[in-house]
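First chain written, first letter: the chains are A, B, C, D, E and F, and each begins at residue 1.
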């Protein structure tokens, strides 16, 4: 009975993509660990780029920096 | 000093219901484990049905499937 | 289909106490939010006192300080 | 840059199985959401059966009940 | 490669403040634990005051009670 | 009243280092967001290198690969 929490930046993932992630991740747990899909939960959390930090900066900042360098 | 994170699907839980969950869960920890309520946090996260997967499908899909079967 | 994660300091909670926490918290979600217990998970994580900080100090330190003051 | 936290009951998953879960889940995120594997983390947490509740009972209890019914 | 999840009540933290939190927390992990900032993630989750419980009441309630006592 | 969860690989962090992380992270939240340290929790979770995946491989594998290349 696994619980999977997936955190991604909010970048316009569609409902279809989320469904594909849910199906794919569940499939991995069923095939590799023989888990029962009926008790497998996958929860996706989208995080605003202001709220996600990487290398000491927010993703918002990192993308603005990358824009500025072009 | 417990921290409780509760993830539920976003289905219209009211502020009064959330308060009852907070009161009830805190009470369990105080009574069973003798925890101090002053350092007990309960955090509720509502998750969109597109973002919650069960049995390899999103809850949105599962509910649409259940509708279709009626 | 709620998922509840409970973090507590590792202080010798027994299996019987953990079972009572699981039963009690599940009961709150069933009664207040009408959730189905069959898809309600409660996960307890015990955290060493070296790994839990409160007010800028580890719980190990806080307890040693409290001992020292007696 | 996704972060995936996977909680499973502690049931003897091997290092090879864990590696297969990590590879498989990362692959899903790369293929479906075009994520960069270099910034994709997958963290597996094994949870003792005393600490995992389902339907108001610990998994330890549920398994003992199932044994008793045989 | 640390992952830091920070939960705070939603109280109007600005993007600049969030950036300062990300920078400061990353700096602590780099200086104290010698972690590589390139693989350090900091994720901030703002939680509505209805959804955050303390001492058995939601923060919304606690603040209303405090208002009433003035 | 922030709650901070820090996940790091299990690499021998000492109790003194953990205390320094707790003090440093709490300080950031107090200074930047004016949070009350008395209701600030910092929880450190050490994760075995078999259980932490990066770029589709466990950290155990990544380190063995890096050893092999020397």
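FYI, a residue touches a chain if its C-beta (ideal position, glycine included) is under 8 Å from a C-beta of that chain, and two chains touch if they have at least 3 such contacts.
Molecules present, by chain and UniProt name: A, B, C, D, E, F = Tautomerase.
Bear in mind the structure is a predicted one, so any value in this text is a computation, not a measurement.
S.K.: Under the touch criterion given at the top, what is the topological distance in steps from subunit A (Tautomerase) to subunit D (Tautomerase)?
M.R.: Step count on the best path from subunit A (Tautomerase) to subunit D (Tautomerase): 1.
S.K.: What chains do subunit B (Tautomerase) and subunit D (Tautomerase) have as common neighbours?
M.R.: Shared contacts of subunit B (Tautomerase) and subunit D (Tautomerase): A, C, E, F.
S.K.: Counting shared numbers against all numbers at the contact of subunit B (Tautomerase) and subunit C (Tautomerase), is it over half, same, or under half, different?
M.R.: Subunit B (Tautomerase) vs subunit C (Tautomerase): same; shared/all numbers exceeds half.
S.K.: Computing the C-alpha centre of each chain, which chain sits at the greatest distance from subunit C (Tautomerase)?
M.R.: A
S.K.: Could you tell me which of B-C, B-E or C-D has an interface matching A-D, in the sense that over half of the contact pairs are shared by residue number?
M.R.: Having compared contact pairs by residue number, the answer is B-C.
S.K.: I'd like to verify one number: the distance from the centre of subunit D (Tautomerase) to the centre of subunit F (Tautomerase), where each centre is the average of its C-alpha atoms, in whole angstrom.
M.R.: About 20 Å, centre to centre.
S.K.: Quick check: how many Å separate the C-alpha centres of subunit A (Tautomerase) and subunit C (Tautomerase)?
M.R.: Once rounded, the distance between the two centres reads 27 Å.
S.K.: For subunit D (Tautomerase), what residues touch not just one other chain but two or more?
M.R.: In subunit D (Tautomerase), residues 1, 3, 7, 21, 25, 27, 39, 41, 43, 52, 54 touch at least two other chains, as defined above.
S.K.: Between the chains shown, work out who touches whom and classify the graph as line, ring, star, complete or other.
M.R.: Topology of touching chains reads as other, fitting no named class.
S.K.: Got a list of which chains touch which?
M.R.: Pairs flagged as touching, ordered by label: A-B, A-C, A-D, A-E, B-C, B-E, B-F, C-D, C-F, D-E, D-F, E-F.
S.K.: Quick check on the complex: what are the subunit E (Tautomerase) residues that touch subunit D (Tautomerase)?
M.R.: Contact set of subunit E (Tautomerase) toward subunit D (Tautomerase): 1, 3, 39, 41, 43.
S.K.: Within their complex, state which residues of subunit B (Tautomerase) touch subunit A (Tautomerase).
M.R.: Per the stated touch rule, the residues are 7, 47, 50-58, 60-61.
S.K.: Touching subunit D (Tautomerase) in the complex: which residues of subunit A (Tautomerase)?
M.R.: Of all residues in subunit A (Tautomerase), those touching subunit D (Tautomerase) are 1-9, 13, 17, 20-21, 24-25, 27-29, 31-33, 35, 39, 52, 54, 59.
S.K.: Spell out the part of subunit B (Tautomerase) that touches subunit E (Tautomerase) in their complex, as residue ranges.
M.R.: Residues 15, 18-19, 21-23, 25-27, 30, 37-38, 40-46.
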